[in-house]
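Here chain A shows up in two complexes: once beside chain B, once beside chain C.
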Partner chain A sequence: MKLALALILAPAFAAADPRVEAALDDDILPGFAALTQATQALADAQTCDVADAWNTAAAAWVAVSHLRFGPSEADNRAFALAFWPDPRGATPSALTALLGEDAPPIADASIAGRGFYAMEFLLFDPAFAGEAGRCDLIAGLADDANASAQAIENEWQNHYGDLMRETGNGTYRDDTEALQELYKSLTTGLDFTTAMRLGRPLGTFDRPRATRAEMRRSGRSLANVSVSLASLQSLAVILGGDSLSADIQARFKVADDQIEAIANLDGGPDLSIVSTPAGRIKVEALQQRIAEIRVFLAETLGPDLGVIEGFNAMDGD
Partner chain B sequence: METRRGFLAGVLASGLVPMPTWADVGDPTFLSAARTPDGGYILAGLDARGSIRFRIPLPARGHAAAAHPQRPEAVAFARRPGTFAVVLDCRNGDVLARLDSPQGRHFYGHGTYDQTGEVLFTTENDFEAGRGCIGVWDARRGYRRIAELPSQGVGPHDLRLMPDGTLVVANGGIDTHPASGREKLNIPDMRPNLSYLDVDGQVLDQVEPSAHLASVRHLSVRNDGLVGIGMQWQGEVAAAPALVATHRRGEVLREMGDGRRLDGYVGSVAFSGDSGRLAVTSPRAGVVQVFDLDGDGTEHCFEDKDVCGVAGTTRGLICTNGQGGLFSIANAAAHLARHDLAWDNHLVSLA
Partner chain C sequence: MNKILLTTVLTCAAPMAFADTNTSDVLTNYANIAEAKFQDSLTTAQALHVAVDALIADPSETNLQAAKAAWLAARVPYQQTEVYRFGNAIVDDWEGKVNAWPLDEGLIDYVDASYGGPTDENEFAALNVIANTAFTLSGEDIDASVITPEFLEGQLHEADGVEANVATGYHAIEFLLWGQDLNGHGTGAGNRPWTDYAVGADCTNDNCDRRGEYLSAATQLLVSDLDWMAAQWGEGGAARASVLEDDAAGVSAMLTGMGSLSYGEVAGERMRLGVMLNDPEEEHSCFADNTHNDHYYDGLGVQNVYLGAYTRIDGTIVSGASLADLVAGADAGLDAEMRTKLSTTMRELGDIKHAAEAGFAYDQMLEAGNAAGEDLIMGGVNAFIDQTRSIERIVAALGVEGIAIEGSDSLDDPSAVFQ
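Showing the complex of A and B:
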């Protein structure tokens, strides 16, 4: 009887696309679970000497930072976790304002003063080292980040994952749309790493901008590039399937090797190496390798998933 | 030499040397930038049948062009956040002038002349302050910058001349800074608006879309002063509201359509030449939506891959796409021409 019922019911549930299933189960959901866990550890710390816990949590964020749709975007959660780039230096001023208040409600504060980038200032910038209230604010920001991470994970677990699995809803009309959303996050992530994580410190040849590197105070700049590429590779391989995965892995490997070559040099981890012509060339080469991955995906994986990137559609202006 | 120069000046002043006009470049009806198969960029003049009347090279990919009302001159803006624009002689591609944005400003990619063609207005970003502004340039004297007005919002994109000589500006609300490229810095608290300005900068009217994540982006102005508006949604596509609107100064904003059908993104907007319809394009969704303004507001949808440029013609509308195609929309869509080019963003009507 049970079996018969199962057979009758089976056709009613169209099987989700295996690539979407794998992306959710092997990549996205574990990624957000790791973020919740890492921010929980950060929030649970009984001291404000939390550089290690912050490092783990910041890496967990970077690993999911390209998934800027659905639960991350609701209630500006991603912005509250990560306000960067910050070309006008809004974060230090927002922190100074928060430090001037007694037990400020963090969730209502300016997003520039919240999240991992704000915490990095408090933990690593000498300008904030002696500030009264620094420890309390670190704890407050950690709680706030944990609340955002938890909210994102809950929504993925309880709602959004199903929208992608069981398409034919208002968000994803079919599996192709869900695949295209994942593909878009992949290319957006590659573009962000090329243009922001590497492009900002590179500046121009005449004027490199080492102080614009992401999380340079903690020396995570190059590590963030590495973490983001690892995560993007994992998603690309899932989407690419058997036919493309070897090619995809080979291309990411070339970029990884270039990261290795930079990591061991003086000024590599915080990318301050861009200030010397010899160092700059190495970072430009890394940027180029990532751009090549992007082109490869646009020429192979994109069309595979029905994404043809139009001249105007891509301009976004 | 003194005499000769004096003589020439006298000739110019007396109008004995005929000023060049658009007739000198084949009387095109529209301008559009395009990418060539070898990766170069051009500005082309087109007629209503989709034939190319002239083509001149561009130094790089541009955004929109502004056409001088009388002389065959076009201003081509670099893509944002560009800091220069070139004024081109459409007869031969000569660069007549180069506009450099002042220190601390960059262009957003749109500009318009006043009715006389003596003054050019450009949308710009005062990026340290994160405030929009309008640059004012003297087109009679080598495009010298003569003034600057606040745009009354953040991230002004398109701006148009109203029939009464005032300006209407689409303040997209999105804060960017050249040090972070096109990265959007203020999505959680962006406040787009549509502003009407006198040429001395005085605010005549201002309206905001009902959803603050709807970035007011592109405009079209009908000769009776009705403004057509195309917006771009900064939230989830599945939650996109209406992204098309019309507005008349002093009245409320009339929003229409379903932004989800446009993938949350409007590329261009134009009134039909017979004035009764408003068309918007979405290259992301690959659709043109046409709204019947006089009747019951019915909307018609035409699918076309990477469609973006749209302009009014005497009988209806004309559209361009990234595959080089041009087609007209009267009651149905009809293929006009296809060139070995990728038409860029906007199709600019010559007055």
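Showing the complex of A and C:
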């Protein structure tokens, strides 16, 4: 009898966790809507002189790049939008294949030849400047990116958002699992910036690797760090609520100040300053500030949300 | 770099008291299984060494095939040890010497013209040390006139700090036995002629003596590395001591290994990326075309660590108190869920293995537009991802209370990306 009563009453109490609601409505859904719009503008361009539209779209991607679960994982959509890092140089060879005679349809092609990073090669790398078919391929990749972005947004709007709001389903057994997913995307985003966006070009002191910086051809390397941190801050503040938001903001501010200090230097935007000892120290300092944010969140926000650290896609080697 | 990064470990809140299962018994059995797996890996590597020596002493097609068969057999127990990575620092710090992948094989020996030369990422991608007795590395003259285990381990492996410069371990040996697989997405593995090891005028592709020297040195090194690791898990060994030192940390190591191998490593790095790149080189054993077995035995390793029972290469069974018992004591439903998901994964990996053994090569599955191949591989990927969710639930159910900073190599260690 008690059990039956509980079941009848249950729906009346099934309000979503307000932090999950806010993350969806104020952060995640607007972020993916912006990505759809930006890729639409890129796809609508009538010329292949689309550096500005590409920049806007690339930034829109970076802002949601940490949300690598659910709709962006389905059908490998996120990978089709963004394949990086590329330690074996798969992108230029995939593009060469796409420009060749027996090119596969873009949707079937290697992910290394699709998305924002492949488009960056076509738009900014001199090796592709004179290639026949370049303009058509840029247009094709823009359409493809827009289709992926739309598919992600549709799934968030029509299905996945509800899974996170109304937990007790096969994906999220309870609100804590939904919160954990958000927390994990936050920490994964910080780790990715520390280890990849900054760690790859830093290399070692004896052997800095400036050419491994993300989107260095377009000079977006540092801007991507900035865009990503802004987006992560927004999510962290929502999850942290009143008790933590001031502390969270203060820590992100310190990192932002360090970005400012690098941005105006020669070799700052593409992070090529890692090649000089003086420049390297500044980038290491930025990396350190971000690592400190990560520690702070792990010590405060994680326990506050009652979540475990969990596994992420970077666990492999 | 590593120092400033936060590393986190799953930390189970002590004390973990479960009605019928003693945690230290679970950990002892976990260490016993590790010891057996590494001993079996050692035994099969020793057999490989014997076969390799026979090939070099008496080169023939028969002896080349025998060495390949010994390599394939050696992979069966070794892949089942991979679940001990990620959670156990001692294994992680060592693993790159024996199973590093992917490799720029042009570092080692001759390659086809389609391979290309040095790349942006790797100046030494086409070094071909077998053909070159001296080269310059970061301004330093390197003497490669004699290829010894010490040379491979100390100078050539990860030369110039590039991970793709894999000079040692199973995959370097694999390349020396099979050669490049030049069949693209077609069937067939690498087809190195036995005469690459022939003496005198029969020698093909030059430097057969140095090729033999390399193969012998790399195999010796594999044997000594496995010997060392097996000892670490024996009575009084450091790996065993580390696991038994603290119940909570020990269980955390078990779960970290299971989850990280399932999700980030095999499902992500090894399986899904290959499908998405449609690249036949993105095969874990791309020379031997043995990738279906690599995945299968990785999955089996996760399952047998959870169930606490391992069948050795001689058919005997090592078993005892298991993580499954521990979970069942806390939440019987969750134990059932985990068992079901592990079984599902093994069925999906079995489908890939069976199809590959019946002639649908892993290369072919990776081809762009090959829907059946993609479905097979993604079936395995999705099952690994799904079982990782249950592993996370187990972490929660066994009483994870927070995180510890300054962990060892572990879950969510971003520096792991560079290993």
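Rule of thumb we're sticking to: the second predicted complex is superposed on the first by the 292 of 317 C-alpha atoms of A that agree within 3 Å, B and C clash if a C-alpha of one lies under 4 Å from a C-alpha of the other, contacts with A are read in each partner's own complex, and residues count from 1 in each chain.
Here, a residue touches a chain if its C-beta (ideal position, glycine included) is under 8 Å from a C-beta of that chain, and two chains touch if they have at least 3 such contacts.
None of these values were measured; they are calculated from a predicted model.
A.B. asks: Is A:89 touching the first partner chain B, the second partner chain C, both, or neither of them?
C.D. replies: Touch status of A:89: second partner only.
A.B. asks: After lining up the shared chain so the two structures overlap, which partner does A:118 touch, if you call chain B first and chain C second: first, second, both or neither?
C.D. replies: neither
A.B. asks: Under the stated touch criterion, which partner chain does A:59 make contact with: chain B (first), chain C (second), both, or neither?
C.D. replies: Neither partner.
A.B. asks: Touch check for A:76: first (chain B), second (chain C), both, or neither?
C.D. replies: both
A.B. asks: Let me test your reading of the model: by the given contact rule, A:187 touches which partner, first (chain B), second (chain C), both or neither?
C.D. replies: Second partner only.
A.B. asks: Have a look at where A:38 lands relative to chain B and chain C in the superposition and call it first, second, both or neither.
C.D. replies: A:38 contacts neither chain B nor chain C.
A.B. asks: For A:207 in the superposed arrangement: first (chain B), second (chain C), both or neither?
C.D. replies: So A:207 only meets chain C here.
A.B. asks: Check whether A:298 is in contact with chain B, with chain C, with both or with neither, and answer first, second, both or neither.
C.D. replies: second
A.B. asks: So which one touches more of the residues on chain A, chain B or chain C?
C.D. replies: On the superposition, C touches more of the residues of chain A.
A.B. asks: Under the contact definition given at the top, report the residues of chain A touching chain B in one complex and chain C in the other.
C.D. replies: 76, 79, 87-88, 111, 195-196, 199, 212, 308, 310-313, 315-317
A.B. asks: Touching chain C in the complex: which residues of chain A?
C.D. replies: 76, 79-80, 83, 87-90, 94, 104, 108-112, 173, 180, 187-188, 191-192, 194-196, 199, 202-204, 207, 211-212, 284, 287-288, 291, 294-295, 298-299, 302-303, 308-317
A.B. asks: What part of chain C is in contact with chain A in the complex they form?
C.D. replies: Chain C reaches chain A through residues 1, 4-6, 8-10, 86, 102, 119-121, 138, 160-161, 163-164, 259-260, 262-266, 268-270, 272, 275-279, 281, 368-369, 388, 391-393, 395-396, 400, 402-403, 405, 411-419.
A.B. asks: Along chain A, where are the residues that touch chain B in the complex?
C.D. replies: Contact set of chain A toward chain B: 69-70, 73, 76, 79, 85-88, 111, 170-171, 195-196, 199-200, 209, 212, 308, 310-313, 315-317.
A.B. asks: In the complex formed with chain A, which residues of chain B make contact?
C.D. replies: Where chain B meets chain A, its residues are 35, 63, 79-80, 109, 127-128, 130, 157, 177-183, 185, 187-188, 235-236, 238, 265, 267, 283-284, 286, 305-308, 321-322, 342-345.
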